[in-house]
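In the two assemblies presented below, chain A is common to both, partnered first by chain B and then by chain C.
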Partner chain A sequence: MSNIALNRLQRECKEVVTNSEISETGIMIEILNENLTEIKGHIRGPPDTPYAGGMFDLDIKIPDQYPFSPPSVKFCTKIWHPNVSSQTGVICLDILKDQWAASLTLRTVLLSIQALMCSPEPKDPQDAVVAKQYMEKPQVFKSTAEFWTLKFAKGTVPVNTDYQGRVDKLKDMGVREEEAISVLSCNNWDLNRATVYIFS
Partner chain B sequence: MGNCLPTLFGFVRQQDETPLRRNRSSEGAMSFTNPNMLQQGSSYVNQLYQHNVIRQRQAEERGKEIDEAKKNRIRGLLDQIPADVFRGDMASNECAICMIDFEPGERIRFLPCMHSFHQECVDEWLMKSFTCPSCLEPVDSTILSSLTAHNMQSLQQITSSVPSSSAK
Partner chain C sequence: MLQTDMVHGSSENQTTSTEAITEDEILLQDQQLKRIEDEQKSAPLVGDKCSLFSLVALYDPDTSSAFFSKANELTEVYSDIRFIRGDGNCFYRAVLVGLVEIMLADKEKLRKFITSSKEWTEKLVKLGFPDWTCTDFCEFFIEFLQNIYDGKDNADAVFKNLNDDNTANYLLMFFRLITSGHLKENAAHYEPFIGEGLTLAQYCETEIEAMWKESDHLAIIALVKATNIRLRIEYMDRSEAPNGGWHHNLPDGNDDASFVPDITLLYRPGHYDLIYKKPAVAS
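What follows is the complex of A and B.
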């Protein structure tokens, strides 16, 4: 890693760590290795969204050409969002690709991702299934995203007993909980279709 | 593709050296046709492989040439962007790329959008993307307008000193 990159990252880490607005914005970073190439980001789910109350972790990898190339950022907490892959956590965000600018920082990247959680852009989706549900069945999308927040991001909303019941039925058939939630979510919580999908 | 050929040949050679060789006469047809087919096949495959390698190398060289031409073009454009040595009385104070404060004596480049950076830092960025790292304003198009603004200024100076040149 170049000197510019190391210098900048040290300053950026200080910026995020010492910034007093953290308690307000709910973004945080954690350094995983000494040469600062792997960093863990945390974003608190924004209020008034299905992600409220959850804590979302992100993997941040710093490339050698940083800050001339963007960091690669993906969710490691599973999240139900049109612009994030529900399988891999890959994020579709322009500033992480062609709209990257050398003056952007880890802090602005995390704030942008938080803004994306507030206002999804289903017309430029990463996960087509989630985006379709977001556009066609907004209520189902909202309750599914809330269920995922509760299950994977330690959310605090009361559990949706209807959804939990269907997950339990699949679990009784020997399906792992994570897979059960994923397949049910992709099939708009239709238990029959989910069962056919898994066992055919 | 290149990797499977040696194993094929190795396999044939091994077969030849086995004690089964004695039975060669009975299997004559097999042992004659098989290596032939392999040889024919392999020369054809080799040709394909060589063509592929040549084509790949040519594409790489062409790509390098284009890259080099692009870099040279950018280097030429960089010369037109104003740069100066930083002085304490200048308004800007931090380079947004390396996030380090400007020190007196360092080379600073001023982009047409009025953002300034260390020359070393911003030149590396401009090689990748000809936009301002802070506001993403394209540098290409604004260079011209800033140059014309500069020219206008000098024109005005001329007109104020020599009234006759204003007619032009």
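What follows is the complex of A and C.
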């Protein structure tokens, strides 16, 4: 990366860290290495969404061609969202792909991801299973996303005992909790179908 | 080189598709893009000036007779060509190089261009471009010109910069920004030409301000006006020219007799290179 790009990145990081609205916007970054190619992002789950109360971590990698190519950003906290892979955390967001512009910054990227958390776009999904549930069973989607927030993002909503009970049943059969949650979520919490899926 | 440009364009279209694609497909697409990128990178960003006969040599007289004979015809008027890398930036890059060559030879034109670049910086901010991320590019461009003006950078240093991806991208971005700025400043005039249900602002953001996006006729006229140059484009293929002729004069299609271009580009489907006229023979 050139010096110009490095200077710019330093300024971008400062913009996020010292911005006075931080307490309101709920975005934060952490610099992981000196040449600023690896950065950790944090987004507080927006209020009035199933993600409220959670804290979501993101891996941000700055490419050589930055700022002409977008940063690569993915969730490292597991999240149940139509535009994020529930397996890998990969995000489907236009500005991280073909709508990237060199005038965008880390701040605008994090704010855009936060906005995506508020308004999913199920018609342009990253995770087709989540998107289908979002459109066909909105209530199940909501409680599943809340459950994930509680389990993986240190959320504060009361635990859904019904869901937890089914997770525990799979755990009793020797399934790891993370896998149990994932498979149950993908099967709309149908314990029989989840069991068949895992053991067949 | 020609092909890569076009392949690049079509794969971009794929990624904009709204259909859900699997992660395997994304991976495959990434691999394809990487291959195309490697191929492109084997050519310099800005080639050395060389004889136009090197263009003729690219075409087989039997299998591409039309281009072969057109290339030969061009050698009657033009003597040299400078190949530009086909990476979607070729139009902007060709104009940049053409302009820099003029300014290396003419200090007064250079001084004027520095002044107008400073004016553009203010204008872009007024037009609502994001403040420091955009002015960074302007300041970088102005510094590049100022170093030529102050004699800090000679022609060798300048061409080294033009061939360095890091530096050149910043210079190109300035061109993309003023192209976009000209369109936005004259939005009422250009809005009717924007298709596909895009607003002018959206068009500027996705087609102009995004690096490696190929230029269309709107981008061309806007950059010509923003930089205040006279540009001639020679076409290898007559059907590609907007006026159906072999070449096109910009900004306003002046007739050939009175038109003296500052810069001449050669258009081959999907790609622009710089070409140079034979020196006038003293009568």
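Simple rule for what comes next: the second predicted complex is superposed on the first by the 200 of 200 C-alpha atoms of A that agree within 3 Å, B and C clash if a C-alpha of one lies under 4 Å from a C-alpha of the other, contacts with A are read in each partner's own complex, and residues count from 1 in each chain.
Rule of thumb we're sticking to: a residue touches a chain if its C-beta (ideal position, glycine included) is under 8 Å from a C-beta of that chain, and two chains touch if they have at least 3 such contacts.
Because the structure is a prediction, the values reported are computed rather than measured.
J.: Following the superposition defined at the top, how do chain B and chain C come out on chain A, clash or fit?
T.: Here chain B and chain C cannot both sit on chain A without a clash.
J.: In this superposition, which partner touches a larger number of chain A residues, chain B or chain C?
T.: Answer, by number of touched residues of chain A: C.
J.: On the A-aligned overlay, A:Val159 touches which partner chain: chain B = first, chain C = second, or both, or neither?
T.: After superposition on chain A, A:Val159 lies in contact with neither partner.
J.: After the superposition on A, what does A:Met173 contact: first (chain B), second (chain C), both or neither?
T.: So A:Met173 meets neither chain B nor chain C here.
J.: Per the contact definition in the header, classify A:Ala115: touching chain B only (first), chain C only (second), both, or neither.
T.: In the superposition, A:Ala115 touches no partner, neither chain B nor chain C.
J.: Between chain B and chain C, whom does A:Val90 touch in the aligned arrangement: first, second, both, or neither?
T.: second
J.: Just checking: does A:Arg11 make contact with chain B only, chain C only, both, or neither of them? Give me first, second, both or neither.
T.: After superposing on A, A:Arg11 lies in contact with both chain B and chain C.
J.: By the touch definition at the top of the document, which applies to A:Ala128: first (chain B), second (chain C), both, or neither?
T.: second
J.: Taking the superposition as given, does A:Phe68 touch the first partner, chain B, the second, chain C, both, or neither?
T.: In the superposition, A:Phe68 contacts both chain B and chain C.
J.: Between 61-69, 205-213 or 241-249, work out which stretch of chain C sticks into chain B after superposition.
T.: Answer for the clashing stretch of chain C: 205-213.
J.: Which residues form the common part of the chain A surface touched by chain B and by chain C?
T.: 4, 8, 11, 67-69, 99, 101-103, 105
J.: With touch defined as at the start, can you tell me which chain A residues reach chain B in the complex?
T.: 4, 7-8, 11-12, 67-69, 99, 101-103, 105
J.: If we count contacts the way the header does, which residues on chain B are in touch with chain A in the complex?
T.: 96-100, 121, 124-125, 128, 131-134, 136
J.: Across the complex, what residues on chain C touch chain A?
T.: Contact set of chain C toward chain A: 12, 15-16, 18, 20, 23, 129-130, 132-134, 136-137, 140, 165-167, 169-170, 173, 205-206, 209-212.
J.: Can you check the complex and tell me which residues of chain A touch chain C?
T.: Checking each residue of chain A against chain C gives 1-2, 4-5, 8, 11, 65, 67-69, 85, 88, 90, 97-105, 123-125, 128, 131.
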